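Both of the next two complexes hold chain A, though its partner changes from chain B to chain C.
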Partner chain A sequence: MATLRLNGIRKRYPNGITALHGIDLSVADGELIVVVGPSGCGKSTLLRTVAGLESISDGELMINEQRVNALEPAERDIAMVFQNYALYPHMSVFENMAYALKNRGTPKDEIRRRVTDTARLLDLAELLDRRPRQLSGGQRQRVAMGRAIVREPQVFLFDEPLSNLDAKLRVQMRLEIRRLQKRLGITSVYVTHDQVEAMTLADRLVVMNGGHVEQCGTPMMLYAQPATRFVASFLGSPAMNFLPLAAHRDAVVLPNGAQVALPDMLSAGRAATLGIRPEHLVEAASQPEAAAVLDVTVEMLEPLGADTLAYTRLPGLDEWLVVRLDGAHAAREGQRLSLAFAMANCHVFDAQGMRVPVSNEASVSLREAQ
Partner chain B sequence: MSAPFQRHRLTPWVLMAPQLGIVLVFFFWPALQAIEQAFYVEDAFGLSREFAGLANFKAVLSDPTYYQALGTTLVFSLAVALGAMSIALLLAVMADRVIRGARVYRTLLVWPYAVAPAVAGVLWLFLFDPTLGLISSLLGNMGIDWDHKLNGAQALALVIMASVWKQMSYNFVFFLAALQALPKSLLEAAAIDRAGPWRRFWTITFPLLSPTSFFLLVMNSVYAFFETFGTIDTVTSGGPGGATTTLVYKVYQDGFVGQDMGSSAAQSVLLMALVGGLTWFQFRYVERKVQY
Partner chain C sequence: MHYRRPGLDRLSHALLALCCLLFLLPVWLAFTASTHTLDALYSQTASLWFGEAGWGNYRHLLSGSFGGLGTDVLTLLINSTIMALGIAIGKIAISVLAAYAIVFFRFPFRRLCFWLIFITLMLPVEVRILPTFEVVADLGLLDSYAGLILPLIASATATFLMRQFFLTVPPELVEAARIDGAGPWRFLRDILLPLSKTNLAALFVIMFLYGWNQYLWPLLITNDADYLTIVVSLKRLLTSADGLVPWQNVTATAILAMLPPVAVILLMQRYFVKGLVDSEK
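Right after this comes the complex of A and B.
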């Protein structure tokens, strides 16, 4: 039962590299926060500073409103699950799980009781005498979880715990982690680079980039209202399509020359990019009321079963325009499609990549630019 | 073996031939000759010899100086192996933690290994010389009367120190490499699991170093038994009064100084059996405690 608060956490290495540029984050009791970002964005460094494995250059780290900056990892009452599990290879599963309790001087019978209880919770009861090398990847992962759970820590830290598992096991363990975390109600910080894992696990999601927090909020909020172009591109698979907007007299123009009427921004001229997710591009024929029509050519198809992803070419756009079609769609490569989209589903970003609010009157028209 | 390799059965042998040749000529041939010679008595001039059966062995095993040398060897070997290993481990742990100037420390710590045993012996001899030595005069100022030429215990301590100093570098390299190969996350996990530095070392680092420690135990025993000859010869020549005469030094003394080839050969056969037995024991009983 704990809250965790980060006030302007900075991390500078002696070689002058700054890994974290002032991170502010508040984690409520029992909440599962997922920190997601590309490699090198500082998410692991952030977790390690919370754990106490890295010192904090500046800012405050509070657990239960107690400043813990100067405390050793051992004194912070946190547990961490490592990417490679970091199981002690010379100890049995039981000894691995009992190690922290032993170090604290817990009585022997209590250790035995707590380890057996946790082992039962994680379905490890049969494996307590085994050594880590005699276990499968999924079992090792569960032992690493058990080692953290058995301590009943204030805060759980997860450092990409599923990235060494195969795809099927990863989905299974993802659900397992979610179930256990809710059941035990332990405040958790979970680091991953996998956006699907991030979306599915998080109570709240923190997207990091270059040592900054780009945006923090519920997964659906970040998906629907990305604050920056980076967040928009990072969440969602396949990624959002971005169409550069060119200023043309008193309008902005899509690469194919179609004019976009964005009344409240025309004067400011801020709009630089129009973002639209693959699922928000639909065939114009099925949506006669949709405002804009883009004529594209299908270059490649990726049938996924329920959906088919079409990689299409829009004249004037260098990148592919990705469209999520129904799995039953009879599209062929080389076929021409007329795509429509509603302005309400669009995201507009300025030249710095910041979200520009779009009013309801905004619309896209088919008029060719003069 | 997979199919592509079967066509090249000869190649591995050709590649191994030079090393095998050296082993055969310099190790197996002399060893076989020693075994043969152990059963003969030779005259003082080496002109004739006579089959003697087990007489050489009987003579050696009823000689009190042989048992004295055996005792000296056991004390000496134990002290050298444990001393060289524990000091090396301590230095390796410290060098592993150093970040600034790490390469300088590491290079300096490896240097003693490059010094020939006889040169190292002379170095220690000068430092501890009862009349000229720097350290012996310092010890004299502190009220310790150092004279390894008269005091057997001091002489033994001196050859132990010189041998430890020399072997330490070898052990250091292995321990440092093993320490650096330890996954960092294990020690981090232990730190989070509330283990202090001392406990982390004894419950995580030390057990995980056991394959290296075991290898070094075998190597250091062999070193202490055989390769310390040069050091002993230059520092004390086995004296005073046989206080630093180890088994291998006695083989040399009786054979090449005393010209009793039969006895010397019998001793070297016994020594081979002893070290072989020790190594077998180490693999049979100590290796079980090794964590791989």
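Right after this comes the complex of A and C.
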């Protein structure tokens, strides 16, 4: 049972690269925090400084409100699951799982009991005598989990533990990890660059970018209220559409020339980008109360079964405008569509990419394109 | 590669057999010669078959001093074995530790240390043999096992090979061990050495042969027949006899001198194969 707290953690590598610029994060007991971000944003570095594999340049790391900056990894009582599992190739599954306990001087019969219990939990009981190379990828992954679980650590750290598995196994192990983590109630930090994994696993999600925390909150909160344009673009697949806005007196102008009045906006001048998720663009016909603003041409269709993604062209916009249509929609390439959206579903960002608050009740009022 | 061509198969087997014969011929000649009497050897042309002396020559060699050496073959074999084992084990111990330090520890001048070790590769033993002799003589190690072994156990080659192997150990393995609470010695003993088994076996064979075949150094520092090694004695047998060279003794000693290295190779070969099968991937 443990809490984990990071106070302004900085990491500067000897070669001068600053990988973490002051991370503040507080993890409650039994919580599963998922850290996501693009490659090179410092996710692994964050995990490794928590593990004690990298020294902390500045800031404080607290486990159970005890400062552990100077402790060796083994003394911090954490367990880590590596991307490539890092199982000891010359040891059997049993020995792999028992090694940490053995090093701590745990009595033999207790080691045996704990390893067999954990093996049963993970469905590994039949495999205890095998060597890692005699296991499938999923089994190796489970052994790596078992090696972490058997120690009953204060904190679990996962560094992209599922990225070496195929898609189906990944989904299965994702559920497994979620189930085990809840059942054991061990405080965990989980790093991934897969946003589906992040959304589904997390109690709270931390989105990182360039060594900073962009936003931290529940997955749905981050999805619905992204604090920055970066978070908005990072979460969701396909990504959010962004329309550059031009200021025009009391309104803003979309790339196709249509004006949008943002009634309660404190300063229309701040708004630089309008973000709309593909599922929030609907056909104007189905929403008679919203005026059709966006007349687009379908350029490409991606049928996914339940949905069909339409890559459409909006005059004046360089990128595609992606629309999520119903799977049964009879759209054809080259067809014209009239799209509408509700202001409540829009995200407005300023030139720095920060969210500009827009009242949810504000309805979009549109004027003729000029 | 396997081509389905019976003709090619037969040809390559024939070639292989021929080469084996060629390699075996000198050994065979030496072996048969060692079973002839001296008179027989000098009175006829080289015979390809066993002579009438049989095991008598060997019994003679093993039972007492002969050929003016002042010792018997058994002592020679024991001396050589002690020296070769000492050199092989010492070299491996030192190079494993040196490579371990260089690869896994961050200390000042680490790179310099590596290069210093590496540079000694470029100095052949013969260049430094006289100063080494001085040192060993000053330490009073002439005519002793320590004198035979110690100056030869620092090995840049072995250090370099072990370093190259250690570099291939994935860093995550080191980190996993650190998290599992394995200190430096535990990591070396529980993880690094078991992983290096195949390499160590190969290195042991090479170093054992190197030690066994030492000639110049033992020749220099041993006068006492009690510390004579078998390889040195072979040369001495050829020259010490006034008049006729006792070929039957020379060949028999040579055959005996081959046995321990062959035994070591056969023994270690099992470990290569086992190691290869075990630790692949």
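Definition applied: the second predicted complex is superposed on the first by the 350 of 370 C-alpha atoms of A that agree within 3 Å, B and C clash if a C-alpha of one lies under 4 Å from a C-alpha of the other, contacts with A are read in each partner's own complex, and residues count from 1 in each chain.
Everything below uses one rule, namely that a contact is a pair of C-beta atoms (placed from the backbone, for glycine too) under 8 Å apart; a residue touches a chain by one contact, two chains touch by 3 or more.
Here the structure is a predicted model, which means the values were calculated and not measured.
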Clash or fit (per the criteria above) of chain B with chain C on chain A: clash
Touched partner set for A:G305, first chain B, second chain C, both or neither: neither
Partner chain in contact with A:P89 - chain B first, chain C second, else both or neither: both
Partner chain(s) touched by A:Y99 [first = chain B, second = chain C, both, neither]: both
First (chain B), second (chain C), both or neither touched by A:P73: both
Chain A residues contacted in one complex by chain B, in the other by chain C: 51-53, 72-74, 78-80, 82-84, 86, 88-90, 99-100, 103-104, 147
Complex contact set, residues of chain C against chain A: 170, 172-173, 175-182, 186, 190-191, 194-195, 197, 278-281
Of all residues in chain A, those that touch chain C in their complex: 51-53, 72-74, 78-80, 82-84, 86-90, 99-100, 103-104, 131, 133, 147
Chain A residues touching chain B - in the complex, by the definition given at the top: 51-53, 72-74, 78-80, 82-84, 86, 88-90, 99-100, 103-104, 147, 151
Chain B - residues contacting chain A, complex: 183, 185-186, 188-196, 199, 203-204, 207-208, 210, 291
